[in-house]
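Listed below are the structures to be examined.
Look at the two complexes coming up: chain A is in both, with chain B in one and chain C in the other.
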Partner chain A sequence: MSALSNWSWDYDGWIVLAGILCAIAASLPGNFLLLRRMSLLGDAISHAILPGLAVAFLITGSRSSLPMFLGAVVVGLLTAVFTEWIRNFGEVDEGASMGVVFTTLFALGLVMIVQAADHVDLDPGCVLYGSLETTTFDMVEVAGMEIPRVVLVLSAVTAMNLLVVVLFFKELKLSAFDPALATTCGISARLMHYLLMIIVAVTAVASFESVGNILVVAMFVVPPATAFLLTERLRSMIIVSALIAALSATLGHVSAIVVPSWFGYRSTSTSGMMALCAGILFFVISLLGPQHGVLIRILRRQRLSRRILSEDLIALLYRMDERKSGVVASIDQLRAALLSSGFMSSLLMKQHARKGHVIATENGYQLTDSGRRLGAELVRSHRLWEQYLVSEGGVAVDRIHGQAEQLEHFTGRELRDRLQQETSAPVLDPHGSPIPPE
Partner chain B sequence: MRTLAALHSILAFASSSLTDLSIRWPTWPEWKRVLFLQDYNTRVVMLGTMLLGLAAGMVGSFTLLRRRALMGDALSHATLPGVGLAFLIAPSLGLAEKSLPVLLTGAALSGIAGVVAILYVRNLTRLKEDAALGIVLSVFFGAGIAILSIAQQSVGHSAGLESFIYGKPASMIESDRLLIGCSGVLTLLIMGVLFKELTLLCFDEGFAASRGYPVLLLDLVLMGLVVIVTIIGLQAVGLVLMIALLVIPAAASRFWTQNLKQMILISAAIGGAGGFVGAAMSALFRNLPAGAMIVLVCSALFFISMMFGTERGLVVRSLRRRDLNRSVDHQHLLRGLFELQEIRGPKAGIPFSELQTLRSWSSYRLLKEIERCRRRGLVFRDSDQNLSLTSSGVVEASRLVHEHRLWELYLITHADVAPGRVDQSADAIEHVLEPELIAQLEELLLQRRRVQGIAPSPHPVDAEQAS
Partner chain C sequence: MSGSITQPPDNSLPLSVRDLTVAWYRKPVIWDVGLDVSPGQLVGVIGPNGAGKSTFLKAIMDLVPRASGRIEIFGQSYKRSRHRVGYVPQRESVDWDFPVSVLDVVTMGLYGKIGWCMPVRRHHREAALRALERVGIGEFANRQISQLSGGQQQRTFLARALVQDADLYLMDEPFAAVDAATEKAIVQILREMKQAGKTAIVIHHDLHTVPEYFDSVVLLNMRVVASGPTDVVFTRDNLEKTYGGRLTLLDEATEAMRRRERTL
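Right after this comes the complex of A and B.
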C-alpha cells in the first residue's frame, strides 16, 4: 500500500470525483439501454461522434468547445436515427445496422481529420482516449472555489440525467418494457426513445471529451448489467447500478495506483482500470449473487438433486421391503436400480442411517420404522399421483410413472389429502399396487 | 477538455492548410502503377487487404445470420489486453517485444478469453446477447488500455502497438500477406467442411441441438473464425475498422440474394472489392488513410446494395409494392364497375364520382388506373364521360367477381362468418388467390346453378343497400 502514500485529496480526490460523476451519469440511462437490449449503442455513439467534431471545426473554424460539443451531440443522435432508418427501410438486423452506421461515421471522421491535419502525423489515440489524470490541469472558479472544469461539466450532465430519469421514470419504464402499451396509454414511445438517445449522446460526448470514451462505454453497460443480476425492480436496479458505478470508479483509481506498483511499475490509466474494476465487480456478482449467481444456482441444483436421490433411495428400499418384509439391500443393488453414482448413494445412505431411517448391517441397509414411514409417504404420493393422472388427467397408464416420479418429490401432506379426495380414496394405484395409508 | 486540447493542437497545424483541401488528381502513370500492381509495396498492401476483405466477408455472413453482427466489435476489442501482455512478457521469454508471432498469440489468447466470457454471460446469467457483447467489449478494452499504459512506461517505444488499434495498412509486408492468405484459406476450409452445421446453427439453433449437433462447440468454432479474421485484420485496418469488414459486406449482400451460398460469395466479393479499391484510393490520393477508405468503399457498396439490391433493395421493393398496388387497384376498379353495372344494367355508364366513393383512393390514383384499363381495352368512356366495361372488360371482371364471391361463399359456409362481414375479408385475400385454389373452391361450393357463370353475391352489392 506504499504506493498510496502519495495520495493527495487535491489531486486524486478530484479524479475520483470526476470518475464517479461520469460513472453515475452513464449508468442512469444505461439501465434503460440494457432493458431495451441496446447496450452497444453507447459504444456506437462514442465512436461515431468523430466526424461531428471535425465538421464543427471545419464549419466554424473555431476551437471553442461549444460548437464541437453540439456537433458531436448532433452526430451522436444521427447515429441513432440512421440505425433506425437502416433497420426499418433496409430490414437489416439492429446490431448490423448499428455496425454499418458507426463504423462508416468513424471512418468518415478519420478521413476528415487526416485531411484537415495536413502534414501532421496524427495520433487519433489522443483524440479518442482522454485521460482522467489531467483532471486538475484545467480549473475554473465557482462560488469562490477552485473546481476542475471536468467536474463541473460532469455534475451538470449527472444532474440532467437524474432529472430526466426521475421526471420521466414512468414513461421511460413503460416504453422500455412495452412500447406498444405505452403508445396506447398516450405516451409516445418514439419520443421517449429519442429523449433517451439525447441523454445518451450528451453523456457520451461530455464524458468523452473530459474522461475518454472507454470509461463511459463501460459504465453504460456494466453497472446496469450487474444491478440487473441483483434485483427484480427497476427502481432499485437504477439505484444499485449507480452505487456500483461509483464503487467501481473509486476502486478503479485506487487500483490504478496500487496494482502496477506490485510489479514495479508506475500507475496506469485510471479510466481503463475503472472499466476493469466494473468488470471484476460484475464477474464476482454474477458468480456469487444471492438470487441469480452462477455458483448459488449450481449449489441449489446440486442440493435439489441430492434431496431427490436421497428420497428415491428410501422409496426404493420401501418398495423392496413391501415385497419382502425386513429386506436388506446393498448399496450396489440400490444404485443399480437408480443408475446413481456409488459415492453419492453410499454417502446419502450413511446420512439416512445417522438420522435413524435405516440400520446398516453387514450386507447392506434395512428400513427402520421411521424410515418406513418416510418411504410410505413418498410411495403414497407417487401412487396417488398415478391414480390422479389416470382418473382425472386421462393419461395412459404406461405413461404415468415418469410424471409421478417427478411430482412425488414436491408433494406434501396437504396435497396428498387433496389428491386422495379428488380420486375418491383409492386403495390400489392403476398398476395394482396398494397405496399406503397416511 | 484534454482530448479536445489535443485535437486543437492538431487542428491548429491544420488550419494553415485548410484553404487547400483540394485533392490532387493522380496522373495516368500513377493510375497505371497502382491499378496494374506494378509497385511492390502497393501490390502487397492491395492484395493483402483484398484477401482480408474476402475472409471477413465470408465469416461475417454467418455472424450476421446468427444475429451477432457486433460480435466482431466485442472480440476485436477483446484482443487488446493480450497484445499488451504479450508485449510485456515477451522480453522475459527472450524474444523481441514487438515480434509479430508473440503479439498475435497474445491477441488470439485474449480473443479466446473474450469468447469464453461472452458465452459465460450469455449462457449462465440472465443477461442477453447485447449486454454480453457490451460487457466484454468495454471491460477487455479497459484492461487493454490499462496494460498498454504500463507497457508504454516499461519499454519506452511501444509506439507500434497503436497500429493495432488504428491499423497501418501501408506498413504491411510480404509475410503479413502470406499470413492473411494462409488464415483466409484456413477459414475457407473450416467453413467449407462445417458449412451444413454452421448453416443449421445460424438458422435454427434449437433444431440443430435436437438433431444432436454440438451447438456450443459450433458456436465456439464460429467465434474462433471471427477471432482469426480479427487478429489478422488488426494490423491491416485496425481494431475499430475491422468491425466494419465483418459487418458491412455481409449486411450488403443480404440485399442481393436469399441463398446462403450466394450470400457468402457476394459478401466475400464486396469485402474483397472494398479492400482492393480502398487500398488503391489510399495509394492514389494523398492523405486518404487506407483503413478508413476501405470502410468507406464498403459502406458505399452497402448503400448501393440497399438501394438497388435485386432481392431486398429499396428500389426493387418499392417497385414490387407499386405493382401490387396497381394490380389491386385494377381488380377493384373492374369489380366495382361490374357490380354497379350488374345492378343498373350493362348499358348504364357509371359516373366517375360514384366510382371514387367506392374505395378510399385518390382521384389521381383512380384516374391513372382508368387510363391504364382504357389503354388495355377493358373500359371505355361514353359520350357523357361515364364509364362502362368493354366486352373483354366484362370477361376479365367476371373472373375477378367470380373469385371474390367464391371466397365470400367459402367464408360463409365453411368459416361461419356473417354475410355482412365477408366482403372485407374476401377483399384482402382475392388478390392473391391461385388458379388451383379457385378450382378447389368451385368444386367445393358450386353444385348449385351459376348465374351467367358467376356465383351470385351472398350479400347486397350496392353500397347504399348494404349500409
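Right after this comes the complex of A and C.
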C-alpha cells in the first residue's frame, strides 16, 4: 500500500467526491432506465450530446457555460425523440433505431469538432475518459470555501436527480411498471418518460466534461443492475444502487493508484477504473448474491438432488422389503440399482441410520418401522401418480414411471389425498403393485 | 344496448361509442364501431384473435389514437370522466419481475386519487389490503410479485381495479389462463360489482361460459357483428358470422391501398 502514501485529501479527496457524486447522480435515473428495459438510452444520450456541445460552441464561441450546457441537453432529448420517431415510422426495433440515432449524432459531433479544431480545445479523447485527475485545477469559491467547479456542478445534478426521484417516486414507479394504467390514472407515461430523459441528459452533459463518457454510461447501467440482483423492492433497489455506485467510485480511485504500482506502472485513468470496479462488483454479486447468485443456485440444486437421492434410497429399500420382509441390502446393491455414487449413497444411508430409519448390520441396512413408514409414503405417492397419469391423463403404462419418479419427491399428504380421491382410491397401481395405505 | 346507432349519444350511459375507427398504417383494426352500454350490466366482448378487442378497449381510454369516432363516458369525454373508469390490462402486459410487493401493485390503483407528488399513506395501504382480502389473497400482501402464480397475479390486478372504485370497468381477458378457483372468485366479484350498480366490459374467450357470466354481449370482428342481450344475440348464426368471415375483401382493398402508396 506504499502507493497510497502520497494520498492527499486536498487532491484525492476531491477526486473521489466528484466520482461518487457522478456515480450516484447517474445511478438514480439508471434504476428506472433498467426497469423500463432502456438502459442503453443512457449510453445513446451520453454520446449524442457531442454535436450539441459543438453547435453551441460554434454559435456562441464560448467553451464553458450555460449555452453549451443547454445545447447539449436539447440534443440529448432529441435523441429520445428521434429514437421514438424512427421506431414508429421506420418500423425498426428500438435497439436499432437508437443505434442509428446516436451513432449518427456522435459522428456529426466528431466531424464538427475536428472541423473547428483550430479554435476549439474540445479533445475527443477527453470525451471518453474525461479528466477527473484535473478536478482540483479549476476551483471556485462558495461561502468562503474553495471547492472544485466540477464538484459544485455534480452536487447540483445529484441534488436535482434526488429531488426528482423522491418527489415523483410514485409516478416514475407506476409509469415504469404499467404505463397504460399510469396514463389512465392521469399520470401521463409519456410525460414521465421525458422527465426521465431530461434528468438523464442533464446528468450526461454535466458528467461529460469532468468524468467522461465511460464512467457515466457505466453508472447508468451497472449499479442498478447489481442492485436489482440484491433487492425485492424499488425503494431498496434505488438506495442499494446509490451505495454500490459510491463504493465503485471510491474503490476505483484507490485501485487506480494502487493496482498499477503492483506492476511497476504509474497510476492509471481514474474514471476508467471506477467503471471497471462497478463491473467487478456486479460480477462478484452475480456469483455470490444471496437470492439469485450462481453459487447459491448450485448449492440449492445439489441439496435438492441429495434429498432426492436420500428418498430414493429409502423407497428402494422399501420395495425390496415388500418382496422379502426384513431384507438386508448392501450399499453396493442399492447404488447399483440407483446408478448413484458409492460415497454419496453410504453417506446418506448413515444419515438414515442416525435418524433411525434403518439399522446398520454387518451385511448392510435393514428398514426400521419409522423407515418403513417413510418408504411407504414415497411409494404410495409414486404409485398414486402412476395411477393418476394412466386413468386421468391417458398416458401409456410404459411411460409413466419416469414422471412419477420425479413427482413423488414433491408430493405431500394433502396432494396424496387428492390423488386418491381423483383416482377413486385404487388398491393396485397400473403395474399391478399394491398402493400402500396412508 | 340498442341495435340502431343513429341517435345522438345518451348522457346517462356509462359508455356510448359512435363510428369508432382505429387504424395502423391505414389498415383498419376496428372499423365503424358503434355501441351503447346501459348501467349495471356485465358485458362480454367476444371475437376471434386479431378482431381488435384489446384495441377497442384501449381506444375507449385514448391509449391508442383513433382515426375517427366519438366516445362518451357518462355523457362526457374520457378525459373528464377518467376517474370513473377502471382498467384491468392483460396480465402479460407488465413485467412480473418488477421489484414491488403485491400490496404496492394494488396501491397503484389509488395513485390517481392520491395526486401528484403526494405520498402513499397508511389508509391507502389499508384500503389496498382490504381489496386483496376481498379477492382472497390477503396473506400474500408482502410478497414480491414474481412469487405469484398466474391466478394470483390476475387476482392482484382485480384487487387493484377494486380499490380504484370506478363506475365503469374495462377488463382485458381477466379469465385467461387462470385456475378454476380464481375464475370463480372473479365471477363472484363481477356480480358484486353489478349489484353495486357498476358496469363492466370484459373481453372473454371461453364461449361456454358466456351465457352464464354476461347480461349482454358484443360480437366483434373488426366491426360489431351483433350486440345486445345475451339470450337474443348470442346465437349460433351470429357466432358463425363473427368467427367465420374475416372481411377478406376489406383486407384486400387496404392491401391495394398500401401497395399503391408505396409505388407512387
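Convention: the second predicted complex is superposed on the first by the 333 of 438 C-alpha atoms of A that agree within 3 Å, B and C clash if a C-alpha of one lies under 4 Å from a C-alpha of the other, contacts with A are read in each partner's own complex, and residues count from 1 in each chain.
Criterion: a contact is a pair of C-beta atoms (placed from the backbone, for glycine too) under 8 Å apart; a residue touches a chain by one contact, two chains touch by 3 or more.
Quantities reported herein were computed from a predicted structural model and do not represent experimental measurements.
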Taking chain A as the common reference, can chain B and chain C both be placed on it without clashing, or not? Answer clash or fit.
clash
Using the touch definition from the top, say if A:Y194 reaches chain B (first), chain C (second), both or neither.
neither
Which holds for A:F228: it touches chain B only (first), chain C only (second), both, or neither?
both
Between chain B and chain C, whom does A:W7 touch in the aligned arrangement: first, second, both, or neither?
neither
Considering only the touch criterion stated at the top, classify A:K173 as touching first (chain B), second (chain C), both, or neither.
second
What is the contact status of A:M274 with respect to chain B (first) and chain C (second): first, second, both, or neither?
first
Check the contacts made with chain A and report whether chain B or chain C touches more of its residues.
B
Any idea which of 3-11, 291-299 or 417-425 of chain B is the one running into chain C?
417-425
Overlap of the chain B and chain C footprints on chain A, residue-wise?
37, 228
What does chain A use to touch chain B in their complex?
34, 37-40, 42-43, 47, 53, 57-58, 61, 63, 65, 68, 86, 89-93, 95-100, 103-104, 106-108, 110-111, 113-120, 122-131, 134, 137-138, 149-150, 208-210, 212, 214-215, 217-218, 220-222, 225, 228-229, 256, 260, 263, 265-266, 268-269, 271-276, 278-279, 282, 286, 292, 294
Which residues, counting only chain C, touch chain A once they are in their complex?
58, 61-63, 82-83, 85, 87, 89, 93-95, 98-101, 104-105, 108-109, 111-112, 114, 116-120, 144, 160
Help me check something: in the complex, which residues belonging to chain B touch chain A?
1-4, 6-8, 10-18, 21, 64, 67-70, 72-73, 120-121, 124-131, 133-135, 137-150, 153-154, 162, 165-166, 240-241, 243-244, 246-248, 250-251, 254-255, 287-289, 291-293, 295-296, 299, 302, 306, 312, 314
Chain C-touching residues of chain A, taken from the complex the two chains share:
35, 37, 167-168, 170-171, 173-174, 176-178, 180-187, 228, 231-234, 236-237
